[in-house]
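Once you've had a glance at the structure underneath, I'll fire off some questions.
Note that the chains are named A, B, C and D in the order they appear, and that numbering of residues resets to 1 at the start of each chain.
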Amino acid sequence: MGLGLLASRAMRPLKYSNSRVFIRSIVSKPELQSPEASSAAAATALEPDLPPRSPVGGARVHFPNPEDAIEVFVDGYPLKIPKGFTVLQACEVAGVDIPRFCYHSRLSIAGNCRMCLVEVEKSPKPVASCAMPALPGMKIKTDTPLAKKAREGVMEFLLMNHPLDCPICDQGGECDLQDQSMAFGSDRGRFTEMKRSVVDKNLGPLVKTVMTRSSVPHNFWLNRCVRFATEVAGVQDLGMLGRGSGEEIGTYVEKLMTSELSGNVIDICPVGALTSKPFAFKARNWELKGTETIDVTDAVGSNIRIDSRGPEVMRILPRLNEDINEEWISDKTRFCYDGLKRQRLNDPMIRGVDGRFKAVNWRDALAVVAEVMLQAKPEEIVGIAGRLSDAESMMALKDFLNRMGSNNVWCEGTGAQPNADLRSGYIMNTSISGLEKADCFLLVGTQPRVEAAMVNARIRKTVRANNAKVGYIGPATDLNYDHQHLGTGPKTLLEIAEGRHPFFSAISNAKNPVIIVGAGLFERKDKDAIFSTVEAIAKKGNVIRPDWNGLNVLLLNAAQAAALDLGLVPESSNSIESAKFVYLMGADDVDLEKLPNDAFVVYQGHHGDHGVYRANVILPASAFSEKEGTYENTEGCTQQTLPAVPTVGDARDDWKIIRALSEVAGMRLPYDTIGGIRSRIRTVAPNLLHVDEREPATLGPSLKPEIKSEMDLTPFGSAVENFYMTDSITRASKTMAQCSAMLLKK
Amino acid sequence: MAMKSALKSIRERGLGSFLRELKEEGFLRALLDGNLMQTKLHNRGATLVGVDKFGNKYYQKLDEQFGRHRWVEYAEKSRYNASQVPPEWHGWLHCMTDHTGDELLMLKPKRYGLEHRENLSGEGEEFIYHSKGHFLNPEQRDWSRYQPWEPSKKE
Amino acid sequence: MSFTLRAVKVPPNSVNLEEARSRVFEIFKTACRSIPSIMEIYNLDDIVSKSQLRSIIASEIRKNANVTNPKVIDMLLFKGTEELNNILEHAKQRHHVIGQYVLGPQGLVQDLDPKDQGLSSFLKNFYKSNYF
Amino acid sequence: MRAVRSTHPANLFLPRVVCGRGTKSVASLLLSLELVENASSSRGQASSRDSSSNPSISSGISIFLHCPELCKHLDSPDNNPDLPWKFSDTNKEKVKEILSHYPSNYKQSAVIPLLDLAQQQHGGWLPVSAMNEVAKIIEVAPIRVYEVATFYSMFNRSKVGKYHLLVCGTTPCMVRGSREIEDALLKHLGVKRNEVTKDGLFSVGEMECMGCCVNAPMITVADYSNGSEGYTYNYYEDVTPKRVIEIVEMLRRGEKLPPGTQNPKRIKSGPEGGNTTLLSEPKPPPCRDLDAC
């Protein structure tokens, strides 16, 4: 008895040992030479006791119409699937993972890599399962010698021109080609000619190309990146150039990839041809610890995975969430992480009489802050939460300042008199995935491409799929889909509201019209008038119905929705002018020009950004990658971040700092744990505790009192000047600085 | 025979240069170093196949027992070791190929790669490799993974 | 352990305080004499100077200045000799020596402020670290 | 070193740079750019061709420009996206006519006819601004037009002569001596492949099978001297090295010569000296008599 036999006996479950003979030896059996004979043999052999299988990756079958169900057989299993499924999808439902390269569920079917070949009974040739619709009664066989031989042949072709680069390739360890050649490939190739080499392309500061790895077969077989760029990202820059062995992927004219989603081609590339430039040669994927968390660089709350090694964030990858970001993330989300390592505040600091900061310990810093705070009059105390603040710390800040007697707490970017009473007035009522049902969009003062790239991708998807009309009011911009630029300001809005504008008929004729108002308008003086005009349009255009709420606000910052839910609203609109004590909790973009010179400013945050220059005391806090916090995204979905790496230096979590300060100031807050704060939040905004659930607004805008004010006719401005630099993390990032220097230059 | 040729060269070039040559060629050292002495004795009647860029001499004598028919006399007489043989001669010396090092140099396109260096480990502190972060490795001392904000920078 | 025990010669008990005192000076001198080799073994040149080490040794001894019982002093002397031997035999690593002696306990633990007495455990923990 | 060069086994290890038939010259160029020192020892076959010119970087780029299969646009004074390019007025009519062949929502189907028209108008080659213009007309992203233009070898993306001579290099022609024909042409004109003569009249390229194997070897003359109106694309078959030079000289003098076989003893693709078989009316194939039963 050889060792292999012993091992196979040891590993095999006992229940099979009596039914079949499992002795394996290396012999050439006749069925290996002739596929037909073996498939016949396999068909008979597969009949008895089949262990149950579960669908790949939790694939679910949804029958839109029960009559459309058809029955197919995958490896002998009978299976009910809806009409229109491809053979590959049927196999996935049956629990068979078909190898594939060119097929991607979110891109158009190319059917050109041939890796997904399966055998179908009565079909003379193997069938490319990704492009073949399943037909009733089809008998699909995925593990016959014919299918295996076909895959092995395809694999050999794929590897023909592929360099033996794995040890120096960044994709090594997470490479589809590597895995599949292990699983399905031969142990040797027969290609003895020269491998070709291709000059690498410069696609900008984010995506690195190693064109040799995308050698011949991959180029024209996999072109996933070309399809992604064209279909999802909406930049038609990449193409397949040349032909035959000279074919390559390129831009023909020297051009950088100017898409805000370009990073996704890295994930999408099944080989190592497109890799991340900032991550190049930094780490191997098996050294990394993944933490599933939430992105805070915009209000979408994309689901991400932070890959860290030790105390360092090494990269950020998207996580699948069909309702929010599908499986894409924007470049800002993906590449901002080097900002987490630069310009960090790591010690409490106090500004001395000479105007220089001096590092002190927490005890002294908190003592100084508490002392100054107690001297200030309650109405002179102001607290401002930053755009990256989590709900817990905002709750603590509000509670603390309320205990001090002040009610001047707000979150930056929500404007002077935000409307926090009606939840439908500040969230995206349609929900992000609901946008796909729309057939007419009116964008008012918002440029989703830079404000929320994932929402823009959704709109683009809808425009491509439903030929939805898009009207846009605001400064001229480049949205990467067909749109009508209706006008630049409230004048056009008024025309639509009065029905004078041709686009009004488009809205009123649409089945599911959607109006998206940008949160940049919150800062305008006449925002109430604008909103009531928009509501008038919504009312006339039948945008809000019992089964459809198409009136949306697209927020800008991760903290905004939670801040408004928690009621962070300033008592008076000009509290800054009279403030003596300002508590900035990560607020960098507040206009402190009007602040009196003798005011005392405390900056609590993680980056030495705009906010610290006016600060008297700096309290270092942890960034979103280092703390547990609750965030609500623009559609009202609550999500939580998890700490991926430890805090730097002597920094503390935001809510802990406020809790400690409250004790030092003698106004002790009644919670000691994050659970304690959450039960406090439950009394204010219970929806913030329903994690990963979208809580729709219950009341429509009809309850709003009538507002009689005139609109100012100045055109709308753009809310985001530089897509790549919007907050303290992205402003500290070198990659983002490179991007804005290279990609945004006109 | 050897005596005769020695006397002949003394006659031709003078005693001084003869002695200097004896010293440079390592004959004096060979008196103490059995290895070197054996090589020197071996060299008699062998063909000098080539000399590499370091001055190592490669000999061959096909009458010898197989396996002893190719050898090297190191240029360094006092501190020699096998890593002084450059890669192009390695193959010839170990009977992997019949191309001598000079031929291989002609054949091989020299596009990149480092100059051959002998293995110096054990020859002193400076040749010992200390991994990154070892306290004898002076290179990287700061291991903090983030860069703190410095207040003096901006004002 | 047994090796260390064998290496440390156990002196006979001190008869009186005088004898114990002289033995303390002896161990101080021995320790001071071994400073150069300690500095070489543990590569301490860039961290501490010889005189600093000498005063560290002295302060370690002075910690027990209030002890008057010769038997206790003998026991402490034994412990000290053993520690010194351990250090000289490289039974410790560099960071042990630095952490225990060069930086001392202050280097690792924040000093406890008398003002902290009335604080809640939250604040005490807060001053110590972010993770509690 | 020269003696060794031709038999260098090391040449086997050179990276093959994708440039299709321009492979050899570009390989040499890359080496001369990146490995300037060592290029001389490893240029391989290409060295015999461009050893006359100094392999400096400037000449290297000129090689790039003449490489027909390079999938990359390199800006030059006569070919860059900033140059204006428009269809001429007569061609605008033709564009309209071409577009009318296709449904209005499938304008992009017209890409090949339009590129062809643009190439005829522009003296036989497509500058990048012409491709951009075509993209604008058919309302697609420019890259989609570049894809087509790089795919088809009939579209020249670098300058060609007024008479672009294409030698068929596929097996039957090669067996019948197309290499000698190309060599004769190149030697006579004093150019390299895909290079234009100094007077701008001629350039020589290679084409794959043009379907005249029965009259191999053959060359094609694309005549761009009269713009898109007088554009002709003629096959000259059964050529010999001597005959192609005569053809070139006739073209230079502006004479017209009848296209087709250049062998006076042949009529079209018939055999030399008249038919040897099929001399009478061929018998119909045997066929079952359907009325018999």
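Remarks
FYI, a residue touches a chain if its C-beta (ideal position, glycine included) is under 8 Å from a C-beta of that chain, and two chains touch if they have at least 3 such contacts.
Not measured: the values here are computed from a predicted model.
Steps from chain C to chain D, taking the shortest chain of touch contacts, total 2.
By number of C-beta pairs in contact, chains A-D lead all other pairings.
In this assembly, B is the chain whose CA centroid lies farthest from the centroid of chain A.
Rounded to whole angstrom, the centroid-to-centroid distance between chain A and chain C, based on C-alpha atoms, equals 56 Å. Chain A and chain B have Cα centroids lying 60 Å from one another.
Centre-to-centre, using mean CA coordinates, chain A is 49 Å away from chain D. The set of chain D residues that touch two or more partner chains is empty. Under the contact definition stated at the top, not a single residue of chain B touches 2 or more other chains. If you check the complex, the residues on chain A that touch chain B are 310-312, 340-347, 349, 355-357, 607-608, 612-613, 648-649. Those residues of chain A that touch chain D in the shared complex are 194-199, 236-248, 250-254.
By the touch rule above, chain D contacts chain A in their complex via residues 12, 14-20, 30, 69, 71-73, 75, 81, 128, 140-144, 146-147, 150-152. Chain A contributes residues 361-363, 622, 646-647, 651-653, 656, 659-660, 663-664, 668, 672 to its touches with chain C in the complex.
Those residues of chain B that touch chain A in the complex are listed here as 145-152, 154-155.
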